[in-house]
Structures are given as structure tokens and as C-alpha cells.
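Shared between the two complexes below is chain A, which has chain B as its partner in the first and chain C in the second.
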Partner chain A sequence: MESFEVFRHVTIGQYLPGESLVHRLDPRAKITVVLLLIAAVTFSTSYTAHLALLALTLGLIALANLPVRYIVSGVRPALPFILLLALMQLFVYGEAAASAVRGSAVLWQWGVLRVTAGSLRLTLVSLARLLELLLLVSLLTNATPTTSLTYGIESMLRPFARLGLPAHELSLIGTIALRFVPVLGEQFETILKAQASRGANLRFGGRLQFVRSAQQMVVLLVPLFLNALLRAEDLILAMEARCYGGGRGRSHYVRLRLRAPDYVAMALALVFTAAVLAARNALP
Partner chain B sequence: MNSLLTIRRIVVAGLLGAITILLGATRAGFIPVPTPLGDATIMHIPVIIGGILDGWLVGAILGLFFGIFSFIHATIPMFKDPLVVFLPRILIGITTALTYRGLRRSNEVVAVIVATVVGTLTNTVGVLGIGVLRRYLPLPAAVGFGVAAAIPETILAAIIVVAVVLAWRGVAARRRTADL
Partner chain C sequence: MSEPFIRAKGLQYTYMAGTPLAVEALKGVDLEVWPGEAIGLIGPAGAGKSTLVQHLNGLLRPRARGQLWIDGQDMGDPRVDARPLRRRIGLVFQRPEDQLFKTLVGDDIAFGPRQLGLPREEVRERVRWAMEMVGLDFGAFVDRPVVSLSGGERRRAAIAGTLALRPSTLILDEATSGLDPRGRRQLLDLLRRLHREEGTTVILVTTHMEDLVGLAGRVVVLAGGRTVLEGSLREVYGQADLLRRHGLGVPQMAEVGEALAARGCRLSRVPLTVQEAEEEIAPRLGVSCGVV
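Entry: the complex of A and B
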């Protein structure tokens, strides 16, 4: 039995505090920029576009003073799978990728396995996308406290409230969830210890697989879910007792204000994304 | 007060969402044969429970959480594609809730089990299916992974979901008849 401290490994896209330009931007600006860049990444298939995007995302990470090595190290455990899938894409998709991704020139062939310019592009672009998205998401979560993110998201969804989207309620769900993660984490550890002390068979296999069988999971998960549902009942009662009335007409203590750097960042992202998407087919 | 998102739904979605985040963050894996779907193995369970206990909207929102988590923590190209990650996950909650609602009248336990199976398969088939359509995986590999992952996932989910739902019904009933 290695350790009961499950919670040590919990990182929810860990916030790394700092004073960089990126840290100080309004969360709404950051979300907008990241969403635009994600669109640019997802929809480009040209080598040029991805080189530019890689340079841009690495540059942004540097601007935020975030440790690139830390971010990229998350990929290490999955490296064998990434390679396996990349190889499969490379060799098996020759035909299919030919028309879809520009390139029917056969580069290499051996029996059934065939590499075309198309499948090569597909594979390389997929790998580039992986890195870019990893960096972009890290940029958002590592440089913004989670509470700011939820305020930002709620603020951005608020205009849609007029069309019936329950912006406030949705962000409240997010806030409640984040609020209860440490509580339930502690609860989970307690359950772990309680069950172990009652003789439950729990064999730990390290960080990635700390329980091995369905039975072991059941004795841990069922109490966890029931505990969560009981806490939910208490919270519901508390909110009703305080006459919680939803989001309509609600004012806010925390106010987000967009300033010049925010507008500049969003404008630049918009221009960049538009350029990348417009030139999609023109570049190699 | 939004009539669709009642306090009950908000709070339950929040709490089950917290479990989803917790399971995702601690990477509680199960399948001894590591597949690329490693982190999907039990994270679909809160979504299914939410769908059964509180309806399709809660299920869909929890599916969104699952998707967000999958997206953030994924290190495989296929799982960085928003379409692969979000669409099937949001559907898990909806298909589960609808199946449960439909079968509930005949037999409660059967309804829960079938709804769980439908939900788990929505996840596995959905994710792999869109992966194939978007050309991340060739079909034979997808089928292989799918079968290897779906069977343990479904069985485990069914056991846990039935246990939780039935236990909760018992607890909730006792609470309602509690003295005040």
C-alpha cells in the first residue's frame, strides 16, 4: 500500500501565480484569444500555418513566464500511444487522406503500407495541433485563477441570458463544482482509509492505477457518490432557506473591466486567426 | 428562477461535476490493458448518474464537464479535437436520461441498467466513431479498442450506477419521511 494521499496529485490545470502581461489580462480577453486560436489550430491544414501557430503559442507561453518544460512534460506518459497512433495514421490513411488533405503523391510503399503526401501532412498536422492545443489550454488555465475563469465565462454568457441561456445558473454549477473538489477529495481519502481499516482489499499500483478491480472501485465510489448527494441535499436546503432566486436581476460584487491591453490582445488574435483561415488553401 | 434549471439541478450538477473533476484530476484508471481511452473509464459514471437522477439537462451539463476535462488533460491528438471530445460526451447524459425515462415504468432496475449501458456505449462508440470519421483512427483499430474498452467499462458502470441509484432512492425516501 503506497499512500493514502490521493489529493497530492490533484491539479486542476494548476494555476501558477505570476505578474506577467498575460496574468494581468481580463479573463474574458484571454478566453476570447484562446478560443480564436483554437479555431485557427483546428481548421488549418497547412504546414506554414502550423509553423506560425507553434511560434505564436510558444511566444505567448514565454510572455506569460510559464515553464514550457512543465507543460510539455504532461505528454510524456502518453508518448508511446501518440507514436503508435501517428504511425497508424501515417501508413493506413494513404488513400483516404489523399483527397481530403491535399496530396496524392505516393512517397513510399511496402506491401499494404503506403505513405502519401496526404497522410504525411495529416500526421504532422495532428502532432502540431496536439502541441498547440496543449500550450493554448495551459496558457489559459496556468495563467488564470479558476474563480476568474468562472466569472469571465459567466460574464461572456450573460448577453445570451436574454435569449434564454441560463448564464448565471451555469456558472454557478461550475463554481459549486470547483468549490467541492477539495471537500470530496478529502472525503475520498477518508473513505479509502475507512474501507482499508475494515479490511477491504485495496492494492495500489502507483499513481496511474491505484485500484485494480471492479469490486475495489465499488466500495470506494458508491460511498463517495452517496456522500456527494447528501451534501447536495444540504446545499439545496440552505439555498432555498436563503431564498436563492436565480440570476435574474442579480448584481455582482466582483466586476470585470476590459482595458486597453485586453482589446489589443483580442484584436491581434482576431486578425491572426482571420489571416490564417483565409489563407488556408493558398499556403503549402 | 429558471424553471428548467432549478436549484436542485444546479446543485446536483455541481456536486456530480465535482466528482467528475476529482476523478479526472486523480486519474483513477481501471483497465489493466491501457487503451487511449484510459481516462474515460469511470468518468462517464457521474454523467450517467446525473442523467438518471435529474434528467437530460443535468446529464448534458455533466457531459460538458467530462468533455472539458478530457480536453484539458488529453495528451493524444485525437482527444484534442473538440468534436471528438464534446459531442459524444454531451450526448451521454441525454441518451441515458431518455432511455431511463422511457423504461422506468416497466422495471426500475432494468431501466437503470439499460440506461447505463446505452450511456457507456454512447461514450465509447461516439468517441471512437467520430475519431474514425475525422480520420484519427482506422476502423479496425477503433473496433479493437472499442471492444476492449467497452466491455469492462459497461460492466463497471452498471454495477456502480445501480448501487448508487438504488441506495440513493432508499436514503432519499428515508429522509423525506424523517421527522420535522
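Entry: the complex of A and C
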């Protein structure tokens, strides 16, 4: 059975309204916390650290009242690739991992396939990292509306404006891009359905019929791009009509202000990350 | 009349089912459409009209509750392939002109027939027929670039693209919205002609009940994802209170009849058109004014 709900599985970036503590935190605090934890996730290779990180991220997701099943369902389309990569790391990367990461003991060998303690660790740690990163990014984007996310980024980039960085323009571009993702997604679905109704056979060829697939994409992409360009023109006119100036001296309807919980969250994340990084070679 | 061609019973549909963003669009729709019939589907914005019509050519399928049979096939059965069905049931989307993608008008209209694998001559014949049906002159428009067309011409070209599939059932979702009065009249004339001369089953989705006069034998009113009223055009016209409660406009002539009734002058039937209203009212005034 064909399915036309293409964007059902896109979970990252989908704001889920809520009233939790995480929802109420200042976006800058959330961005800082998530960046710190991403650093911890990226630089630690020990099992202990990743167990702690996994527990922490799951705890934060629970605190934000976000459904874990929904978040994890977002990786389903990529699952075959992830598994393939994991298997390759496990069996083929043995030698390199043995020297690069701790653990050169050969656990299993068959011809050129070799599993070492290092490659096993690399595989497990990579999978844990992937899950943790997914949870962290979801924590940020599922519990923060895109507008406050971009205001947060703009405010964090503002110090760099002195160096000539167009903070406001960058954040405006970000806001508009994010704002139009669901719009274009919806449009894509409509076009998909409309062309299917006109007899288009949207099976996208077979798995190996790239040329045919590409040809069929034309049916979808031409109207999509045309509409996106027209929409962009309308947007420009609408902004011009309201004398949108942007840039310096522009105030916001919602003023961002860091409160006690924001400082506490950032301090805790900093302490946790520092501890994990300091102990990253000492822990098993 | 034999079997209904389309039969929905308690049809339900939820978008993004199983996610926190689930939206219940259909909560229980009953609908029967017989072959060769023309029906109107009306309802306020958000009533589920578009979701319903997307079920009728198999773009959406009943998942959990509710049943839908089309041409004897149970659409809830995942083994049923909806693609052959779409050749017989043409669905024209809202703003169909947004879906044109070829450079030339003729090529775009020919897309459907070409997908069917028809021979060149047949494709050409169908394009000619479809263009004449929608009132685009074949010789003048077939090689025109799509971008050079006006909005109304694009709408007609897009509808021709669906007609070229020669569907036995044609569903139009808000096809008249955004057209000028002449474009609207021409489109409705086309639908009447398709229905009477070609025997096409027509399902017209609209928020303007006036569009249905002289076309739809039966009207189904949808609100809040449910079928709330069904009947002949005149019966539905007569339910002004119910229509208003669901945020629908009441046709002007029905309002005239209602206003007269409120003043103690009950007409023998609910007038659908200005002419009918005149026929009802003129004798009571003791005047005969022929044609208004």
C-alpha cells in the first residue's frame, strides 16, 4: 500500500507544545546545555561515560515530557544504513581501531574479518553516540519553538556583530528557512498526491533505476520549486510592504531573560561535561 | 439503480496517527455515490472535505475504524492496489494550476494519457477533446507555454489534464474558488455537460451552495468530520438554521424564502434560483412580469 504521509517520520525539528521545565527554559540556556552535552558525547569513549550520558539524556527527555518512542521512530528510515555501518565498524575496522582506541585484544577472527576489543568498543560507543545525539537534538528542537530557537541563536551571536557577523540577518534566514520546512513539506505531499491522481506512477523505478527515478522526480520538483520561488516573492513583497528593516535597534515582542533555573541548568551541564571529559581516559 | 459505486460507513481518518501531532480529520462519515450521479459535498473549512475526497481515489485509505468500498473493493484491505482506480476516478485538487509542470500546455495535458501508455494518436485525440471540453481552443493553446496563461486558463488546463484520463468519475475539490464569475459559470457548465452528455459521475466539493444548482441531485453536508445532513438540494436549502450553525452560508434565495416565511408568507417550496423565487412570489403580488 502506498503512503503519501512522507513527513510523518521527520521528528527532529518538530515542536511539540508543552509546559515542562525544559519547555520553559530560556532558549540560550537550552542551546548551551545541549552544546555542552554534545561535546561530552563526542569526546568520551568510555562505556561508563556513555551509560551516564544515556541515562542523563533519557532523564531530560522524561523531564521535558517528550515521547521517547516518537523521537526514536525518527531514525527508522535510516536504520538499515546505521546497521550496515555498525557491522562494518565491528568486523572490518578491527585493526585500525586496535591502535587508535584502547583494546587491541583480538576477540574473534575469520579471514580478513576481525573483531578486536577496540572495534567492539568503537561500534557500541558509536551507536550510543548516535542515540544520545538524536535525543539531545530532539530535546532542543521538540521542546523549543523555532522562533525562540532562532532568537536565542541571534542573541548568542550578537557579540560577534562587532567582528562584522550579520547576526540578525543570519537568524532571520534561519527562521524563514525553518518556518517554511513544514509548508514546503505539505506542498510536496499535495503535489505527490495530485500527480498520482493524474496517473503518475510514483514507484520511483526500482532500487537501481536511478535515471527513471530522477525523471519521475521532475514531476514533483518542478511544481515544488516554482511554488517555492513564487512564495519567496510574495514574502519579499509582504516584508517590503510592512517596511521591514531588521538589524540594529529592532526590539522583540518577547524579551529573553535568563533566570535562576537557566543558570542552574547551564552550571550543572558544565560540571557534568567537565567531569566526564576529565575522567574520559580513567573510566573503563 | 443497482449498487452504490462508492460507499463509506463511519469512515474515520487521523493524520499523523500514533504521534503527538495526531489530528482527527474524519470522525464518522457516511456517504453513498451511485454511478452516473452528480452530488455536492459542502461543509465549512476544516470539515474534512479534502480528506474525504482523497479517500475516494485511494490516496488515503481507511486504517482502523470505518469502512470504504469503491466499486466493490474494500479499500481498508492493504492488498488492494489503488492505482488502477485512479484512472477511473479523476480527482482535481484545490488550486490544480499549482501542479502543472511541463513547459507547454499540450504536453502537460498529455501527461496522464502518456502514463497510461496510449498510442500517440489516441493521446493527441484525448488532449484535443479535453481542451475543447474545458474551452481552451486546441489550435491556439496546445503549443502555448504554461507560463503565458492567465490564472483561469491555467485552472482549465489543469482540469483538462485530469479529463484526458477520461475518468468515469470526476471529483473536484473547491474547483470554482478563486475564479471570476465567468470562469465559474464556464466550469459549472462543463460539469453539467460532462454529467449529462458523457454520463460522468460528478462529485463537486464546494463552500458555495449556489454552485450546485442545476447540477447536483443530492447534497451531503459535512461538519466536524461527520456527515450531518444529506438530501436533495431543496431539502438542504431548507435547513437554513443547521447550515448557519455549522458556519455555512445560506443561499440568498433561500434567505428570501425564510424572511417571507418569518412574516407569515410561506412559499410552497424553497426557491433555488431567482427564477423560482419569482415564480413563487409574483402570483402572490398579483403581478405577472414574465421573465425577470
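We adopt the following convention: the second predicted complex is superposed on the first by the 202 of 284 C-alpha atoms of A that agree within 3 Å, B and C clash if a C-alpha of one lies under 4 Å from a C-alpha of the other, contacts with A are read in each partner's own complex, and residues count from 1 in each chain.
Please note the rule applied: a residue touches a chain if its C-beta (ideal position, glycine included) is under 8 Å from a C-beta of that chain, and two chains touch if they have at least 3 such contacts.
Everything quoted here is computed from the prediction, not taken from an experiment.
Chain A has more of its residues touched by B than by the other of chain B and chain C. In the superposition on chain A, A:L184 contacts chain B only, with no contact to chain C.
Of the two partner chains, chain C is the only one touched by A:Q195; chain B is not. Shared-chain residue A:V218: touches chain B and chain C both. In the superposed pair of complexes, A:Y151 makes contact with neither chain B nor chain C. Taken together, the two structures place residues 11, 218, 222, 226 of chain A in contact with chain B in one case and with chain C in the other. On the side of chain A, the complex with chain C involves touching residues 1-2, 4-5, 8, 11, 14, 16, 67, 70, 73, 187, 190-191, 193-201, 218-219, 222-223, 226-227. For chain A in complex with chain B, the touching residues are 6-7, 9-13, 38, 42, 74-75, 77-78, 81-82, 85-86, 88-89, 92-93, 96-97, 100, 122, 126-127, 129-130, 133-134, 137, 141, 166, 169-170, 172-181, 183-185, 188, 207-212, 214, 217-218, 221-222, 224-226, 228-233, 235-236, 239-240, 244-248. Of all residues in chain B, only 1-2, 4-5, 7-8, 10-22, 25-30, 32, 34, 36, 38, 42, 45-46, 49, 53, 61, 65, 71-73, 75-78, 80-82, 135-138, 141, 152, 155-156, 159-160, 163-164, 167-168, 171-172, 175 touch chain A in the complex they form. Contacts from chain C toward chain A in the complex involve residues 15-16, 19-21, 54, 57, 59-61, 78, 82-83, 86-87, 90-93, 96, 98-101, 111-113, 115-116, 161-162, 165.
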